[in-house]
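Shared between the two complexes below is subunit A, which pairs with subunit B and subunit C, respectively.
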Partner chain A sequence: MAKRRREFRILGMTPSEIFKEFISGSTGKVAMALFIILVVVSIYALIVLPPNFAEIWNNPKYWQLNPQYAPPAWMDSVIGPVYSPQIYVNNYEYSVQQSNGVTYITISFSVDYKYDKPWNEIFVVINNPAIYNLPQPPVLSITVYRPDGNEIVLGPLPINRRVTTLGVAPEVMGQVNLFYAEKYHITGVVPTGSSATPYIFYTVDDGKLTPLKGVYNFRLVFYVFSQNASSLINREDLEIVLQGQIYGLMGTDNEGHDLWLGLLAGFPIDLAVGLLTALIIVVIAVVIGIVAGFYGGLVDEGLMRLTDFVILLPAFPLLIVFSVLFRWNIWYAVVFLAIVSWGASARIIRAMIMQIRNAQYIESAIIAGASRMWILRNHILPQIVPYILYLLVTNVPGAILTLTSINFLGLAGSEYPTWGILLYYAEVFGALTSGYWWWVVPPGLLVAFVAVVFILTAMASEPVVNPRLRYG
Partner chain B sequence: MGLARTLAVRAATLVILLFIVLFVISFALAGPASEILKDEIMMETKSIIMNLMLHGHYNSTQIQQLQTQIMTQLENAYGLNKPPVIRTLYIMYNMIVFNWGYSYFPSEYGNVGGGKVVDIILSALPGTILLDTFGILLSALIGIEIGLRSALKYGSRSDRAVMYYAALSNGIPQWWLGIVMLLVFAFYLSQIHSPISFPVGGIISPKYYNLWLTNPLKIFTIPQAVLDLLWHFTLPLITVLIINVGGWAYFARTVVLSISQEDFVTFAKIKGLPEGHIVNRYIMRPAAPSILTSVFITIPFIIFGGFLVTEMVFHWWGLGYVYNIAIVGSPVPDLPVVVALTYASTLLYIVIIFIMEIVYIILDPRLRE
Partner chain C sequence: MIAMALLEVKNARLYYTTTKGIVKAVDSVSFELNEGETLAVVGESGSGKSTLAKLLVRVWERNVSLVDGEIYLEGKEVLHIPESEFRREVRWKKIAMVPQASMNALNPVIKIGDQMIEPLLLQGTGKEEALKMAMDALEAVGLPRDIVNRYPHQLSGGMKQRVIIAMSIMAHPRIVILDEPTSALDVITQANIMNLLKKLKWEFKLSYIFITHDLALASELADAVAIMYAGKIVEIGGAEDIYQNPSHPYTQGLISSVPTLRVDKSLSFIPGEVPSLINPPPGCRFHPRCPYYRDRDYLKGLCDAKEPPGVKVEGKSSRTHLVYCWLYG
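Let's turn to the complex of A and B:
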């Protein structure tokens, strides 16, 4: 005779019934949709970000070609062409000539300048150490053909490092100043300490500097003092970057970090932090709750005193002081936060178990000779599983918010940029007094988004775990 | 009799809690964290030596000797030469008698009380009390009113809106909303030369700052200063209200909902009593104590969570902002201030909890017996 399939029921409902109940309200539908978005974005973040992202993020050299404090690139499509975008010059003409032991590499390209704020800087990057480590380094000379028919000759500059920054070379500054002095009789156009590059794109109108719009042609000539094939600057060795004033989907920060990547990285780390805290809280709460509720008597009394104590602890000030004293990183903060936050959850679990324990079927089971473990496994655990999940969900937002606050103080840091850390640097580097909204608004919105997803999920599952509300 | 005993037990619990927190912090400071202290002594010694080298002529051996001498003297002064247990007790004793020492960077706090940590913290209390009292009471009043109304219209569109608002406001970090408010109403408003714009932070204009730090009560006798205070108070208060109203509304809604499902309410409805009568007599009355008590019980948790960081964002001269200066604003963490602040917060927190429990007992007739 075939064995009847045992139906799996929790709180008198099968999983599909629970799901139906959860999704029945509008809150449930919204929570479900947001949750799916959250999961999809997190998976996307994990795929997009390289495994050594923390290392990349903390390596300033990786970001040096990016503009600092740049608004997002889509700003131009909102307010019109104001800021020059970041340009990686790819379609340049490339030719090589050799004579008398010298290799001439000529590169020409053109850019259409139609913005109000010109490019900050021009970088010439050589990705082949053999070239910039030559005993006699190659030399670069640049000619700029401006739309007004004038030309500026810049250089020669020695190529003796990976990244050559055009505008800060003293020769270039002098040459740009000289250009304005000869053509417009203005001296000292380039302020000391700033780059000369933007001034390539200006003209003088009515005694004032104004942007000169139009097509600029650049001709770069590299002189390599050797005819070896190994010291030839190939196309793939060469990068030419015009550093814009806007960058990427979400702009940049003080170090030129692409904030879009930083925000994406926040998904896995903030979720991990929140879920781990909640998980530890729930594990402690379940163990304490079961032991207290199941054994009763003195054990219960003692554990409940302990729980009261933990509930009363001022978690946030303690978290601050220990993070300062022990220079904790975020994972220590997670563990500590969990250790001081399980009180309320443990009380709920204990109350549940006390209620179940006094039911008649437990009494019958005891009379029938069931062992404690059997009762725990067969009667109690299945009933509290939904509450455990519910508590897991309710504890996540609080943990994320608290740890974001701690990070915002510059404490409990991590290699991976969390949203709180982004906000900390934004505050430190004056995002507020300079109006860097793209650095401040998105991280907070994402924290709020993740927290709200969990809060809504908890709200929607309340009718499931609290049957009194079910037909309200 | 029973009431007095309950309160006594509660008070004892709270005092024990205070001692445990104090012990843990002191122990951490005396034992594992003494490395930080050593670093700071090293730094202090170096600055003294630098000063000496600028003003006198010493050769390198003399400097070496002086350095070790100053190091040992400072270590003795900080008690680093004593075993950790003694040091822990010593720190605990100093904390209890409010001998909290001196800040490392008094100028960061505007030289309040010559850098005495007690004075710095005392000067920060009025600001915290002002923001927290108004913030919590106003948000509770507004929130509970909204919650009641939405519970009575259960399932309506406005009720659902209140639910979503509650979820959203619980998820938004209060201090982050403060940043956004500052960005919009302080930075951008002044950027477009709007006639009305708000200050980018601070509790009061610089000319009244000294008065506020020394005698905040006197501020309230100068009308211009009060206006100035209110001008600075607007943004923090609005921020706090936006975030906290939602939570109260949701809570009040839940309580009222669960009571309106009780049999006696159903019976009153069946009896055909007028709607207003049912609401006032049968729902509000049983709901009031549990709403009010929870207002009181949660106050300390609210204060020592979001409010601290909100003060930092607004540079609001309160405990939170002093924390911020001690941790972020100083070249190295200002240990005496951080530790004393944590102790002071715990103390304040426990006092508030105790007061609230007395109020709780007064409000809940079941506990009075």
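Let's turn to the complex of A and C:
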């Protein structure tokens, strides 16, 4: 046969023609837009999230500065300044003094408190390990100048670990209680087990605790018991964090995880999980379908009985049972789900091939001397390749939903947070009954969103798959 | 006859095996086709006429149990030569076929051109040349050349039929077998196709074997007519003779069941149905439905026992008029 260059075509259409066809309808445009969003967000997630994100996510220490169960930060712009936001204090004055073998490091900053719910906690973080390994740990003393002219002196607190939590130190609790006892003659303001920090921002009005709004000035003095120790606590190593009651774009969960990052991480992993499942399903289905449909006879009979068996398997209960039994992670669940889900697709492919195989043009081709491979390549594959892509797209949402469900049951987990895992923890920690909607609604919506994207894509690709719909 | 017949079929038989038994779809069929002649093969559904066509181009289902007889094409036996030789030398090039329900004979996702040239490519013709042949053939059937770039669903039924006809004449065969070429078309398109077939016949010096159940349609094109019943030819002869002097009771029944415009007569029909080809009636296969057999006692024990011989009937046309019936035996 004369050599000829074949341009790349599917169904006789070049990729650009397919693209044009795909976006010619409004469904296609919407699907394309949403699909691009999906892909872009996934890529963005992969770029933004560090490679060891799974490790970070599962390390509670990483999230300890964040508030727990905090609604998204934009809540305040919706309902007014109610919750104090998370503040990382960068804008502070820093000065160093030396005397008698002691280095005094003074930090001053102010915050404007205009909310109903004060900061939960104040953290002083020193990232230099040298400081808390000193034979005699440095000491921190804090003076708070309140808008009402009063001041509260807190400390001294020993700095012997990376994060010093102000409100839970017994000295501080005592000092705050003492403040209220002396000024307002109320005792036991700070309940046992709670942090004293919020009570710095209250006053007593008419015998009741009310928020005292205004500008608070903080002066922190570190006493380091050695000469020239300013390098031990410098600006780079020092973080001062006011833990708010709202956090980030999407709020936090029980451990203070930034849910925005969790949701973001869900994009690539849920997509990967869905696409991988669909890919395995389609590969098995295509192989079984082609072999059964093309060879027929006993092979067909055997494979179809196998297919019947697979179709009848209760995939989800089995997935639950095996996930419990073998402590599967999500990738095992993916493979298993694919292995028990290819039945219907294989049936469809086989049926298509049976129909094609008995068509007159196949008969003509055989009469003309075409080999099996010729027929497979020239007559059968061109008809089923687009359908294979279609099956790939249609199998994704089901896989994502199923795997989200199994994650929701706390099974087949992964180090990476999937949306299903987020929902699982939301359920375990009573997010719904406690009204933590930001923990439940976004992952649920995203699962639905991805399903819709793929279903729309499948719908829009129908005119491409079926040439008869093209010019109708 | 001076000239040798273009196609000569002698005692052709084709049996199928089914779970119920052996189907004698074509049983001892003999006929000749002359150069430039159109032979209409007419019969009811299930009379074996399509099987006869398949036998001629050697396309049969896998469950064939017996293929027997001789087929001479231009004097050369072709039924028993190897398939590869038949494919290379005969099929498409000498004898081509327009299949039944040819509207469905096109792959919906392959361009017309690519489908048309497939048999040529498989036989080693270069793509350029094959495409040129395809476009020439399309032009001959009155379609634009650029239709090679279209998909089947973009064509109307009549256009598809023309494509199939173009495919059959692409390699310039001597004989084209038309198996119900107009059965799914409306009457206007049907008339167009019939005119096209006439035109092609002159242009390409074709001989047709025109398989149909429609006697009226056959009369449009036929020079000779063979009437098939239950896997056998019951009557064969020049078209004039068959239409004007139908001799076999079955032929007579067929002709009187053709509807006529504007003449107020009730249509006659042949009672009973085509017998099972697995267990055909002994003797003349038509005898259970034959009005003469029913009425004439002397035929009892004859028609239902012995196969009728071919009897010559005097006719006007040059073609021998043979009838297989004991009425004339």
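Convention: the second predicted complex is superposed on the first by the 429 of 472 C-alpha atoms of A that agree within 3 Å, B and C clash if a C-alpha of one lies under 4 Å from a C-alpha of the other, contacts with A are read in each partner's own complex, and residues count from 1 in each chain.
Note that in this section a contact is a pair of C-beta atoms (placed from the backbone, for glycine too) under 8 Å apart; a residue touches a chain by one contact, two chains touch by 3 or more.
Predicted, not measured: the structure shown is a model, and the values here were computed from it.
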With both structures superposed, pick whichever of subunit B and subunit C touches the larger number of subunit A residues. B
May I ask you to decide whether A:His379 touches subunit B, subunit C, both, or neither, giving the answer as first, second, both or neither? second
A:Pro317 contacts which: subunit B (first), subunit C (second), both, neither? first
Should A:Gln136 be classified as contacting the first partner (subunit B), the second (subunit C), both, or neither? neither
Using the superposition on chain A described above, determine whether A:Ala365 touches subunit B (first), subunit C (second), both, or neither. second
If you stack the two complexes on chain A, which partner ends up touching A:Gln97: first (subunit B), second (subunit C), both, or neither? neither
Partner chain(s) touched by A:Thr210 [first = subunit B, second = subunit C, both, neither]: neither
Contact residues common to both interfaces of subunit A (with subunit B and with subunit C): 468
Over in the complex, which subunit A residues touch subunit B? Could you list them? 26-27, 30, 308-309, 312-314, 316-318, 320-322, 324-327, 397, 401-402, 404-405, 408-411, 423-424, 427-428, 432-433, 435, 437, 440-441, 443-444, 447-452, 454-456, 459, 468-469, 472
In their shared complex, subunit A is touched by residues of subunit B numbered 13-14, 17, 20-21, 24-25, 28-29, 32-33, 36, 154, 160, 163-164, 167-168, 170-173, 175-177, 179-180, 182-183, 187-188, 191, 200, 257-258, 261, 300, 304-306, 308-309, 312-313, 323-324, 327-328, 333, 335, 338-339, 341-342, 345-346, 349-350, 353
Which residues, counting only subunit C, touch subunit A once they are in their complex? 57, 59, 84, 87, 91-92, 99, 101-102, 104-111, 115, 118-119, 121-124, 126-128, 151, 153-154
In the complex of these two chains, what residues of subunit A are touching subunit C? 1-2, 4, 11-12, 359-361, 363-365, 367-370, 374, 378-379, 382-383, 467-468, 471
